[in-house]
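In the part that follows, the structures are each spelled out as structure tokens.
Here come two complexes built around chain A, the first alongside chain B, the second alongside chain C.
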Partner chain A sequence: MASETSAARGATGSAGGLKGLVALVTRHRVLCALVVLALLPFLTPYEALAVNILIFGLYAMGFNLIFGYAGMLSFGHAALFGLGAYGCGVPIAKFGVPWFLALPMGIAIAGLASVVIGWFAIRSRGIYFAMITLALSQVVYYTTYQWVSLTGGEDGLRGVNVPAIDIFGLHFDMLNPTTKYYVLFVFAAVAIALFSRILNSPFGAVLEALRENEKRAMACGYDIARTRWLAFILSGLFSGFAGALYAIHLSVVPIETLNYFNSAEVLMITLLGGMGTFFGAFIGAYVYIMLQDVVTVVTVHWQLVIGTLFVVLILFFPRGIWGSFLKWVRA
Partner chain B sequence: MTFDLILLQAFTGVALGTIFVLVALGLSLIFGLLTIVNFAHSQFFMLGAYVGVVVLAVTGSFWAALVLVPLVVGALGMVCERVLIRPLYGRGIDYPLLLTFGLGLIILELVRIFAGTEGIPFNTPEALTGAVDLGVFFFPKYRLFLIGVTAAILVALWFFLEKTPYGLIIRAGARDPEIVQVLGVDVSRVWLIVFGIGTGLAALAGVLAAPIRGVFPEMGVPVLVEAFVVTVVGGMGSLLGAVIAGLAVGITVSMTSLFYPEMTTLSMFLLMAVVLVFRPRGLFGRAGVLD
Partner chain C sequence: MGSRDILAVSRRSLLKGAALGAVGAIAAPAYLRNAFAQTGPIKIGFPVPISGPYSTEAQDQVRCAELAVAMFNDAGGLNGRKAELLVRDDKLNPGEAATRALELIENDKVNFLCGSLSASVQLSVNQVAKQRGVIYNSISQSDSINEKADFSKYTFHEGLNPHMTAGAVGRYVFPKFGKRVAFLIADYAYGHEMARGFRNAGKAFGIEEVLEIKHPLGQTDFSTFFPRIQAARPNVLIVCNFGRDQLNTVKQATDFGLKQQMKIAFPVLLFSQRLAGGPGPFEGVFGGANYYWGLEEKFPSAKRLNDAYRAKFNNAVPTDYGALGFAGVYALLEGVKKAGTTDTDAMIAALEALKYDAYKGEEYFRTCDHQAVQSVLVLESKPQAQVKSQYDVFSIVDTQPAEDKFLRSCSELGHG
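Up next is the complex of A and B:
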């Protein structure tokens, strides 16, 4: 992010061209992201795909905060996404809570889980962090799997009904895919603006300082453990938010939302788009979900494609799509 | 609840723990030298069981499988190290981890394509079926065999690392690869061999676990998490830690299944949480290894 803004400053003096355009896009990143996302249903073969891209883009955005900006590789974000989904789905399906009230409940549950998981995980770093987050996310998976009466266990949670609502005299039928997309889009827009604000805050700067040089940040008097913990919690809130929207989107919560493979998917999306870049999450989600849509029609061996993609990306394009593009423009 | 039953369950836990020990030992050995976490480790474990099925079908001998499987899979591991992981040395700790995760998915999917998604039966070798009378209780012969084999491997590994010139180079390479390089040793070759030994150990664990856990493509998935729990409890890079933590996790799981069956799958994670609270680096973790 720091490099993005510095490029923006550097380019204002120089003549337009691609460099100037990128600088302009970077400066008005929230507006640009929202304009593209508003047009997304026209850029996908069907609306449900656009909803998935929106949700997984949000999820990757939250994940990117901890992985790309704070430099900590979490392998347990499925727990936070999944708890967001169950935390929103269970009140709707079991207690008849209206969906707009269940949504903040899902976020709260995911936030609570990230407080606990984060407390254990931030005591370690590097690869230890990846291993501990993976292990703790499995605790959430097994618990949900066994608690059949509340969660539906292996079959997933069914009956997350989202009836039509009337607000300000407007009628919103959530079963209409286009309406659903734009209702979720409004929520996503708030999250994206908030995310950009966090990155621009002093906290965002400390986060990057930590990633670049932990010892120096410590010497400057920043409380490293607390900054990390807070970053993990914020990341968990965004991921849980995406999960809650997913429950509303699908009307069921599959147990796969908590599976470790879901943690790997968000990692893949973030890498694909470009870790530590603002647009990377949504670009990654677009490419990943479109690719999945095409490949799964042809073959059942989707994991082979994903595995190969992981290996090729790491070996040859560790910056991802947007990261490589930025480097190319600035070179 | 008699004392005999508790003792039997503890013994079963030790037998269960031997698989954890072998898998975690390979993981820890690779980490200690190459400072990479091999996320494909559990797929080498699974591959070991499948290669075991093939060797068993061809030779008809379980003993041939025990010898051949680690050699074949270890050699494959060495190829992966040379071709895929080597270009990543010096590029940060996350990259090899992500790459090996992708490699694991590829191995898993290839096994599904070539061997099918169904499980394959793997019988306990005839000489090891039945139970032996240990005085206080009868104990399955195969589980006793697991404990014996693991003990033998531990002694051999200890001898190799502590008493042979190769072991000396490996230990020196773990402490300071640059100095070892300056002294004229080809460190990259040491890394290659250690990666081979580590994946070979995982494969051996796979074929040993096959008669108990069964052979199916996803058999490695829980193993990765189990091995992580063991290494976190024992301390990353500590071989002694891997042994003690592996047995401790085995006994914990086994005891929980006796007293509180609903918590069986969760018990090892609770153990990990408790250890993390009091010793964030694990029981035998060295200070500075992760900084």
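Up next is the complex of A and C:
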């Protein structure tokens, strides 16, 4: 943040044009993110993919709060994403709850889970934090897997039918892909604005202080444990929100949403885009999902291509795409 | 991309062509492309897991499905209107499959969907398709898809279901080899549904279940289970697992000498695994199948499929699961011919009234759940001495005829 504002001040320097532009984008980051996301359906081969990018971007944004800003590598975020999806999907599919109640229910259940998982996990650091979050997310996975009557078990949850959404007398047909994208986009916009507000708050500054130097933050009088816990819960709420939108988007909730692979995927997206940067999550999601989609059509060995690219990026651009770009502009 | 040109070349070239198409598609904005889709060829979307653990089976399904399309086009199509197959990799992941189904329906404007190779994937494609009123013919094993909660009038199921498959094998092995039965079950939906099918079939014969062991999917060491199985002294060991697990089980069971004491039967005995494992490990093992190329002695339709496959793919023969890809697309295209249109409601009526012989004698879709009523083969793997050629691996010891009575009844499934 500090470096971002100093970049804004130095906008009139020698490489003024690009620097100035970046400074402008950084200052109006919510607006810029929304403008680009509003154009997303035109930048993808089909709308369903744009929705996936939007949702995984949100998910990575939530993950970024704990990983990029607070410096804690969680390996259990699939549990929070998945519980958001099941928490929203099960009420709709099994109990006929309307979507506007189910959506907050999904977020609440993910939030509840992050309260519990966070309470256990924040006591540890580094690899131990990663392992505890992984272990607890596996508990969630197997519980959901076994609870067939409620969750559909291995077959996944089907029947999350949200054919239309009515808000304030307006009718939105969710089976129309373009309408669906923009309805979900409005939801996402609220989350993005909220996220930016959190980063701008004193709490956001404390988070980064904690990442940079935990002892110093402690010496300044900040309650480290509670800050970390709160960050984990907030991160869980955003991830759960993304999960809930995923359930509405696909009308199914696969058990794979809870799989640890989904935790690894969001880590890859965040690293690819640039950890600890505001736009990184969405840029990472766009590149990762688009690449998969295109490479899959070319070769059945798509994992090889993506894997190689990922290794190259980590080796030569450890700051990710947006992070490296920022560094290059400001150098 | 003329479909005939594609069919003349290999699948690899098809994928390359599709890739070029995809790159082109990215260049054109979505709203522009939507305008072109209403007329032109009959499009069949075909999501199958061409990468991942079931890729061998899935790639054969693509080859066979292309044969069905070629056959239809060579015969003149629907008054000159040709069919086209749009293959997508579902990565054996229901989320990816649902996304691809959305792509196929919303952007490619496919007329029908066919495909999938896992219970959860087909249920998720089915959910997406039925919401949007698109006919989907599934070619994967599942009991759930027949049941009322997942079924819709747009749902068709060319694949076998565990109830009929396990039932056919059970009714053959239980009276023949004895009533003491042990179960070794892969601990996921496939294993559970198959075991349930065997237990249902066993009731009539008064089988006695002496042991049940569950193993996780992808187990590599089965030998630790064998002493317990031997101690239980079963006449028959029913092994409800699939793919590589199947091969590992029989290899280790043979080495362990299990076969001297009991018969081993699988719900589905895979042609591809038998080819990979060789005659030794599989000798004397029983299992069910939807198809075996040896059916050509009896059915001209089987010969038609085998000959077309041989001509195009270097004298090889289609696998059981591959042939399902053929049958699934074939049934849809027969429906198109009968209906004379691709209009959905007319198609549903045509498919419900259809009697078709795709690859193994006559089949039809039962009206209440759109399950393809079809024969199920019971196979025995041949010993080395009897194997005459590379693909001569099984003998058909029994055939459960294509009759309604081998399915669960409509009321049992919740249909009125």
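Throughout what follows, the second predicted complex is superposed on the first by the 310 of 331 C-alpha atoms of A that agree within 3 Å, B and C clash if a C-alpha of one lies under 4 Å from a C-alpha of the other, contacts with A are read in each partner's own complex, and residues count from 1 in each chain.
As a working rule, a contact is a pair of C-beta atoms (placed from the backbone, for glycine too) under 8 Å apart; a residue touches a chain by one contact, two chains touch by 3 or more.
In this text the structure is predicted, and so the values were computed from the model without any measurement.
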Looking at A:G76 after the superposition, I want to know if it touches chain B, chain C, both of them or none. Which is it: first, second, both, neither?
neither
Per the contact definition in the header, classify A:P91: touching chain B only (first), chain C only (second), both, or neither.
neither
Touched partner set for A:G118, first chain B, second chain C, both or neither:
neither
Figure out whether A:H301 sits in contact with chain B (first) or chain C (second), or with both, or with neither.
both
Report for A:L271: first if it touches chain B alone, second if chain C alone, otherwise both or neither.
first
Report for A:F310: first if it touches chain B alone, second if chain C alone, otherwise both or neither.
first
Taking the superposition as given, does A:G106 touch the first partner, chain B, the second, chain C, both, or neither?
neither
Common interface positions of chain A, toward chain B and toward chain C:
301, 303
Counting only contacts in the complex, chain A reaches chain B at residues 73, 120, 123-128, 130-132, 134-136, 138-139, 142-143, 146, 260, 264, 267, 271, 301, 303-304, 306-311, 314-315, 318
The chain A residues in contact with chain C across the complex are 41-42, 44-49, 52, 153-156, 158-159, 161, 163, 175, 177-178, 246, 250-252, 254-257, 293-294, 296-303
Chain C to chain A touching residues, read off their complex:
15-16, 18-19, 22-23, 25-26, 29-31, 50-51, 55, 59, 89, 91, 93-95, 98-99, 102-103, 106-107, 119-120, 123-124, 126-128, 131-132, 142, 144, 149-150, 188-189
List the residues on chain B that touch chain A in their complex, please.
31, 37, 84, 87-88, 91, 93-95, 97-99, 101-106, 108-110, 112-113, 221, 225, 228-229, 231-232, 236, 262, 265-266, 269, 272-273, 276-277, 280-281, 290-291
